[in-house]
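The next part holds the structures, each set out as structure tokens.
You will see two complexes here that share chain A, one where it goes with chain B and one where it goes with chain C.
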Partner chain A sequence: MTDSKGILIPTKVPITRRNALKGLAAAGGLIAAPGFVRYAQAESSSPIRIGFQSHRTGIGAAYGRWYERTTSAAIKAINAAGGINGRPVEVIIEDDGTDAGRGAEVVAKFAKQHKTDIVYGTLFSNVVIGSAPTAGELKIPYYVVSEGYHVASGKLNRWCLQPGITDVRAQVTSVAPWVAANLGKKITMVFPDYAFGYDHRDYLPPALEKAGAEVVAKIAIPPTESSFTKYFPQIPSETEVIYHVMVGPAVLTFVKELGEFYGSNGPKLFGFIDSLEAVDINSPGLEYIDGSHFWEGSPRYSQPNDTDAEKAYRAAVGIDDNGASVDDPKDVSTAAHMFGCWETLYVIKQAMEDAGYKGPQDRAKLVEATEALTKFAEGPEHPQGPKIFNGKIHQVFGIQNISKLEGGRLNVVHKTAIEDGMYEPEADYTTMPL
Partner chain B sequence: MRDIAPARFYALHLAVIAVLFALNFLLPAYHHGLMARILVLAVFAMGYNMLFGYAGLLSLGHSMFFAAGLYGAGLAVVHLGWGAPPAFAAGLACGAVLSLVIGLLSLRTSGVAFMIVTMMFAQVFYLAILYFAPWTGGDQGLVVPRQARVLTIGDQPFDLADPQVRYLTALALFAAVLLACLALVRSRYGRVLVAIRENEERTTMLGYDTFSNKLAAVVVSGTICAAAGAAYALLFGYVGSNFAGVQYSILPLLWVLVGGAATTLGPLLGTLTMYYVIDVASGYTTAYLLVVGVVLILLVLFFPKGILGSVRQRWLGWLP
Partner chain C sequence: MAFGPHLLLATLEGLVSAAVLSLTALGLSLVFGVMRIVNVAHGEFFMLGAVLAWAIASTLGGHPALGFFAALVLSPLIVGAIAWASERLVLSRLNYDPEATIVATIGLLYIIQQLALTFYGPEARPVAPPFSYRLSLPWFGYSAYKLSVVAAAIVLLLSVWLVLTRTKIGLVMRATQYDRETAQAFAIPVERVYAGVFALGAMLAAIAAVLIVPISQAHYLMGQDPLLLSFIVVIIGGLGSLRGTLVAALLIGLSDGIVSMFFSPTLAKMIATLLVAMVLVFRPQGLFGATQR
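Take a look at the complex of A and B:
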């Protein structure tokens, strides 16, 4: 579906006699060169067009819906403050169906038909990886909000960037020391048997070992599985913590069956909220996870120490204290991830302004300007927290939240430091030609 | 099929190829790129049509043949460092071998059982891709390196990612498969397949080995689908498990049904129609699959044999 959002707010410039004379002279010059007029006018006042590759249908639809709301709120705020380089911003939305093949077509459609300046907003890793070659071939900057370790791994291309959300490798590395210090030293991992699970499988054990803990079992669950009881006997009795990452609707069954298996004497639980994004944490069947801990990129529930920037962000996007839509308390957000849309758009704004971006001819300069960014301070543009950007691997690093589910809400009990998640870069996109 | 001079068939098909060639210079950039993709997927549909349209065997597992070509070519490039031509050949070989094995096993069944067995084999293939994730990239898939996507003819390298080269390569593959299919369905072998479709028992009684003929149809069909998959990997640079999913088994069936089963040009028309219905409808509503459903219902009501099938039935009885 195609959609446009954009508010034109003219910037106010004080008019003096000198400015007026300069303006008249410039206008006269332009009138004398009619061929130039349309071009100049088009570039100075025409909107900057951002192609939003959205998961409106398919498995990512719940994320897509909230990514759109966050994007809409951020664009409204950016336009209200004068747009980018004084130009309004317009978002064109196309549905990729959360499908890698369609994703690539959508990127081509943005570049060739909608003629957007950039493409932005993709979450699911398969769509990112499927679309990346097309973005590289068409030389259009592709800003993803995906959290996969694909961009940072170096296996994509120089046109792919992830400056608004941390990747799974960093998230896992950040939380491991806290898990080891506070929950237990012997950990059993339960994860989906596909790529998202593998990032956890590969990067958690070394981080735990460094923290003096160990993974005693790794249980990979096939993606087609709908019942989990048969896997639970594989959990060693010495297990102190079950680290679970069960993405998809099966999580409700997983939690229920885990509760039936262990009763009240099971190991402690630590999970990634990805499984429960857009799901009411107080849904029937989830009682067993009460008292357990979760990773959250950004907290779903408002916290007592929320900054003004965080409060303003939540109000702008339209989520209440419980992380649900202010219009419908049952419409729970994907708060742990969608902040990445807001922050990515502000990174794009900063990079476009640094590059003096005027149009598609400056796309390469825009990539270079993004690569040159190093730090983002916490504030209205980055409400989740401060960030460090590594231009070589096109990946941002930030703080992570560990929350405890108690009293029917998730309370943040620990915030990691940015440095906790940083790792040695394995690639350098800046050496690739643009 | 009425007795029409062969020149007429070939003239029609060559004219279609000529129009597609002209479109290379006429289409706007986006539609040019989309058309290249449609041509490759039309090859997939033509492969499906060989089995479904002519031999009357409804498979629900053809995504595995497309994926065999896709991964055969893609993995040869990524892990073995092969160039585009040998990688394409590897994709073809994977499709041929897989279809031979699947044919030998699944042709022991027929009708609904054949549909279920092919679907289950495709599911096994899909899960195997996920299982061997360290090599296949699992559900995320793999990017085929740009530097390997080059076709060298003589001393002249052609970048397969270049829009012109990509379109013309896709068209060359499409044209070759189209003419081969035309020759095949007009041959004695093609008529035997139609005979099997219409009445297998009578064909057996006439002295034909229907199992061998059907097996050959599965292999031809699977190899053509693999050619499409291998071309997709090399032209578009991505290899992913979604192409092995059940959706990509249903899609060629729909493309063929829309265009007209057992018509040589139906798969192209069906793929083109479905692609543009989705592309245009998705610009207006998120319920575009509902629009697709309505279009399919209308087609069944007014063109039960697909677009070209109905045209052949009502007006142009000589269409192959």
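Take a look at the complex of A and C:
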């Protein structure tokens, strides 16, 4: 065993005069480097470290790639404007494999090994739910960009926050009246058979009922399924609208098989863009969904009335008018979700400045400062639109987009109001001890 | 939907999955039968076949049929070459030791998967089918391409059977499977047969993948399910038995189609796994497998 110890812990090198001089010269060089001048006056110029729990591999990999691009664009902008509290921001990325167990390990690694100030950036709800207890145990703020209802429901802990993207409950509550009024009153739901799908299953039916429509069938599909025709006979013939929200790599197959099954006289379709995030909507086999409607968090295609902030955000992240990478038009982004990374990082910046955050000893103060936030105005820091934050349930509320797929692009046909998605809070994290 | 059409749809779906499964499982079964090694990387050769099909079809452009048929020829050849190289560079150096080859092919699995993620990316990408005709039945529509996959699989299975039983190559392969040392004594180049069989097994998986990729999409994780199902099929049918593989693929494919449509997909998976357990307990050599010599 002594051998392995020798490998893990480097043997101490005695400090010689030559080494010391080398070190001094290196440090001097760093301070003299142009980027560092600005931070030199700050109390401590060591960087603020953000641990980014990224879905680099596993079924979330397409999202992970774009979450990373958005994050690095936001960090670049934040650092160019002087960082946070005069300190530069540094992001440390660990891959969680889109796996709940691995997610918890990554959070522990950030807290104990990398000693980051916070953990941030998770999307898939299974990973968030799996990692949250570790974040709570190690008392490290955990800012997720997940859109699941798990944060707002109160079933996680006080260290988990979602200030940059709306949750599924708010999303379905906002779009249900539009679906009922414009598409049809008898709706069949198709959703993935795990936490994220259950949020849809639980909150869409009551919202539809309020709007005078009803759910006639609920079809849960295992997230690893690769063929869908076998589920279609479960769709009742009275169905007027198929509401689909699917994730994972097989979603294209789903839409294609639906087209083969129904031909040109099927029910109308309303889908969550999650079904087609990172997928070119002009892919072969997708002709069937032409004319159907989608929910989008933030529009993939640039719209005629885009604000300057939206344009600047798209340029910074590097996506073109079609929502694909400016370097490769085939590399389609996850535009409907990734704006949440940008906005979350600016919320973190604001909360750290409000808290006068200095280091890990101020983590509790940081959570309290985030809870104290109430409103975010539309602008360069919040390009998707204005938002209202509820500190009790650690959840942000905002506008939603309904887009129609026509002429090979998604055009926004309706924007909901923030109030459309508000619901009675079911929890209060602020009463929990920190 | 009425019972009749419902059953028809379930059977059609089951046949398509049985067709693809039998090709994939046949590759695994051949490799085990002749070489006595378990190839855990088999599913990744399947994935590689699909990913290459996308690469070839999207590079060529033009009419979808052109790209598809080019992929159907080129993709299995490339995958076969990769399999041949990995057999020569890795498996033969391990002297086909059963435990060592399992570990080595697990390594191969991760290497191929991560290379695909690095160079191909995490997205699911489609390949256009060579023709897209929708059969309009009174109760539902069905893709004509899916039916052609079943036909193609039958043709391919027949030709593999002909090669194995009617040609000299087949004779050499069967001799090597029957008794390696005696075959060697009769001047059969066993090493070359092994490399060839390993490549052939991978190529069968790649062909299955090219056939399936216009139905589902190429994705770097798509090799996991076929691997598991192939193992189930091969265990039920009997390792190394062509007939057993075919029967088991039909059994698993159809029962998966029908059970998952009338009951639930989870129940279908449970039944398949239960079948494996029963076969392992009561007939460890598989339904059609010969007892180990």
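In this section, the second predicted complex is superposed on the first by the 388 of 434 C-alpha atoms of A that agree within 3 Å, B and C clash if a C-alpha of one lies under 4 Å from a C-alpha of the other, contacts with A are read in each partner's own complex, and residues count from 1 in each chain.
As a convention for this text, contacts are C-beta pairs under 8 Å (C-beta built on N, C-alpha and C of every residue); 3 or more make two chains touch, one makes a residue touch a chain.
Given the structure is predicted, the values throughout are model-derived calculations rather than measurements.
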item: First, second, both or neither for A:Pro222, with chain B first and chain C second; value: both
item: Which superposed partner A:Phe232 touches (first chain B, second chain C, both, neither); value: second
item: Chain B versus chain C as contact partner of A:Gly263, first or second or both or neither; value: second
item: First (chain B), second (chain C), both or neither touched by A:Ala309; value: neither
item: Contacts of A:Asn126 with chain B and chain C, given as first, second, both or neither; value: first
item: Chain B versus chain C as contact partner of A:Val251, first or second or both or neither; value: second
item: Which of chain B and chain C A:Asp99 touches, first, second, both or neither; value: first
item: Partner chain in contact with A:Gly136 - chain B first, chain C second, else both or neither; value: first
item: Which of chain B and chain C A:Met422 touches, first, second, both or neither; value: neither
item: Interface residues of chain A shared between complexes with chain B and chain C; value: 57, 222, 224
item: Residue ranges of chain B touching chain A (in the complex, touch as defined); value: 28-31, 33-34, 37, 127, 130-131, 133, 137-144, 146, 161, 236-238, 240-243, 247, 279, 282-286, 288-289
item: List of chain C residues in touch with chain A within their complex; value: 1, 6, 9-10, 13, 17, 64, 114, 117, 121-129, 132, 134, 136, 140-143, 214-217, 219-222, 225, 257, 260-261, 265-266
item: Complex contact set, residues of chain A against chain C; value: 57-59, 61-62, 64-65, 222, 224-227, 229-233, 237, 249-253, 256-257, 260-263, 278-279, 283-285, 331-332
item: Residues of chain A touching chain B in the complex; value: 1-2, 56-57, 94-95, 99-101, 104-105, 108-109, 111-113, 125-126, 129-130, 132-134, 136-137, 148, 150, 155-157, 193-196, 198, 222-224
